[in-house]
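Here the structure is laid out as structure tokens; the discussion comes afterwards.
To keep things simple, chains are lettered A, B and C as they appear, and every chain counts its residues starting from 1.
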Amino acid sequence: MMNRNYNFAFLDEGSKREIRRAALKAVAIPGYQVSFGSRELPIGRGWGTGGIQLTLSLIGPEDVLKVIDQGSDESVNAVNIKKFIGLCTDVETTTKTSEATVIQTRHRIPEVPLTNRQILIFQVPIPEPLRIVEAREEVTKKMHAEKDYAPIWLQLYESLVKYNKVTIASEYPCMVSGRYMMNPSPIPKFDNPKLHRAECLYLFGAGREKKIYAIPPYTEVISLAFDDIPFEKENFKGKKCRLCGSENTYLDEMFDQHGDRFYQCSDTSYCQEVRDYVSG
Amino acid sequence: MTYVAVSGGKEAIEASIKLLDFYKGGTEKDVEIEAIENKLSLLVDRVMGEAGLYSKTYAALAIKQCEGSMEEAVFLLRAYRSTLTRNYYTNVVNTSEMRIVRRISAAFKDIIGGQILGASYDYTHRLINFDLDKEKAAELRREVLDMLGAQEPEEISLCPRVSDELRKEGLIEQYAQDDKPPHDVTMSMLEFPADRSARLQTLARADTGFISGLAYSALRGFGQEHPTVGELRCGYVELCVPYPLDEQEEIYIGEVLLTEVECFNKADDKEQLKLAVGYGAVFGRNETKAISMAVIDRELDHGGPYPTQNEEFVLMHGDSLEMNGFISHLKLPHYVTFQSKLDAVRKTRA
Amino acid sequence: MYLDEAPVLSVKNLVVRYGAGCGLCRDRTSQSMEKNRCMACGAVWAVNDISLDVYPGEVLGIVGESGSGKTTLMRALYFDFIPTSGSAVLRDYKNGEKSIWEASSAEQRMLKNSVMGMVYQNPVMGLRMDYSAASNIAEKIIAAGSRNAAKMTERAAELLAAVEIMTSRMSEAPRNFSGGMQQRVQISKALANNPALLLLDEVTTGLDLSVQAKVLDLIRKIKAKYGISILLVSHDLAVIRMLADRTIVMLDGKIVESGLTDQILEDPQDVYTQQLVHSLI
């Protein structure tokens, strides 16, 4: 039940408006990190406060909310965030991807393609894709201004020299609209292609780092790759979900009590839908 | 089996909170908010300072709510702060007009207005008082009040700053008077190079342990030479807001307790030397933090190769909420990213 | 050497001064200077009104003791800082119509990557010590816009072979290399994008004599192979004699003598140059 001691969606209206303005600017300059006056929330900084602030500033009484963490609606963090938003809004929540209008996520993009009536909000720990090569914000800002992305390419090349493979795992950088290099948040490479020319709006919020950025619908988003070495996703060849049998999803690797390894869909609601469909 | 669990997150959280209540309860004895406010006042001061919200009662509530955890108490106050609409901005406070309760200088024996030792643990022996648990609080309080009541009150005079004299002599580096509105670090992101106003705000709200450790490193050799505490003063300042119908008038809204420090360092002035001032000011009585802040302010002005002289390093890593939030997020599941990491490792070994 | 062609680099009235300077030291006829320092105001004129040209395919040597301003000159040319006054134009930048010190930082990066190559005395300045030798070269190629990994590797192998480093060591980090090898990696990195001008700052100082000889020999080969113009700074006249076509002698931030290297060695005019030449024999 909603707590009446607080404003609808917790933050005061002025703060919500300010965050929406930052989001609008982010939509206007795809991939560019817009700084904003990040507010403190009752949830830990580093626990999704950027995403939550976006959700709080955008959500209205008519919205249907879905929150996932690692692809799962039931993970403690997702539940906790849903509970908090429920406390201050009373909006309807769902686990079904297709029913949601606002989806907040940590580390995954749902397997079902999103539509133009949906917004996917990412929680971002470190928004700066250049941070791995340059610690100073003052410098990375200038690098973006001058589109000086050579150090990241060098990092990719160095991993080829050393391991004969590009070894960046998640948070794989991509170019947005051919202009800004962007950190897609720690989603696996498996999800990167879903960012390209998508029907929905993607918003990224980093609370601790005080940045918001966006990928508007139908924007070109290209994962970095050398001309002669194609971008490579995580490989689950020959493996399938033990619950629903899917072979084309991102799989979690698990062990049972006997130490035997098995795989299961990371997107739990997709997995359930497949099972429901199969069982009629 | 695991805490992300495929399902059951909701039940797990509820049970966890119940267990927390059990730990928090602990005993049948209760701690009253008034007692925390007064008997743990240094803890209250520290929480208010790091939260950037001056309210003893709410700070005491927060402390009680989280078993006395510094980081959680700061967190509670900060989160509450986000829900408040800002109605007024106070006028600039001139700390020369502080109603002083303690004032010392390590630079000069005799200062205009005199040194006032005030209340300090500096000259106590840190021996555990085993009789403390037999103490009768109410009786003691009455005794002290009776004693104070019998004393003749003294006129409070305003004390000029120690640095004012040196400034008249031209020995001190002057910051140009800057009346532009301060950068508000709670409303907009820090930009680098940062305004001095942004720097001082950030330091004033920083975690006490973080900036004390940094200042210590500067004194030990990872910084400039040893500074001198020119003046440390602790006392009350009055807060006023402009009267809405007449900007010339102001309305008194209360007072806050502050600790303010000025540190002196030798600095280059072309072919001669001068004194450079580092400034620190924090809520309540928190002298180590105020001194540390002054040391770091000066280190940042000076610049150089050490961590304390690096603006981004100092200002980006001392916020209690940010540091504790990000470190604790490591406890969140990282199954997807770790799977991805595993995949990258396996590919290079195939 | 083509002295009749347009110079690759032309520096005019370069001044690098630390301190504001005063009426006395700005007036070049006054006697306030003690070496490169003004006794009246304390300003240091590290480089005091230097002009020089580097022509296509030549090696121009600059010799002088430490404090003469030669390294300061090099570092200003490679944008380690922007000088107090003066201009420098490159044939390959805006047709020589704009001083490189007016370039934006993006243009500066382009010039450093593609038009000039720099080899520092200290390899730490020029190399990423923890990246592989191949990546050190690739860094330049990436900066110039290439995104083809195989071609980068091919080019790195070719350049490392040119400085006599085995391809089998390409994937090792220079941190594990000897001083002479580090210098050779720096040279190959500087050559990555076929620059028009190579800046060599005391490249053999601090190396063993036998290693010195090898590096100098290599520079000679590279000059012959690539026909590149070289600006070579050294305190050691022996190094200058071995490589430079023309030589400039610097002292206290000023040029005291310049001319063909052979001519300077045989018939030095300035007192300081004479001392240098005599100490060589």
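Please note the rule applied: contacts are C-beta pairs under 8 Å (C-beta built on N, C-alpha and C of every residue); 3 or more make two chains touch, one makes a residue touch a chain.
All values derive from a computational prediction rather than experimental measurement.
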item	value
Common touching chains of subunit B and subunit A	none
Pair of chains with maximal C-beta contact number	A-B
Cα-centroid distance, subunit A relative to subunit B, in whole angstrom	35
Euclidean distance of C-alpha centroids - subunit A vs subunit C, Å	49
Intercentroid distance (Cα basis), subunit C paired with subunit B, Å	52
Contact set on subunit A toward subunit C in their complex	142, 146, 148, 150, 153-154, 157-158, 160-162, 226-229
Subunit C to subunit A touching residues, read off their complex	105-106, 109, 131-132, 134-135, 138-139, 142-143, 147-153, 170-171
Complex contact set, residues of subunit B against subunit A	3-10, 12-13, 75-76, 78-79, 81-85, 184, 186-193, 312, 316, 321-322, 324-329, 332-337, 339-345, 347-348
Residue numbers on subunit A that touch subunit B, as the complex places them	6-7, 10-12, 14-15, 35-42, 44-47, 49, 69-72, 74-80, 83, 106-108, 125, 135-138, 163-165, 167-171, 186-190, 208, 210-211, 232, 234-235, 250-253, 264, 266, 268
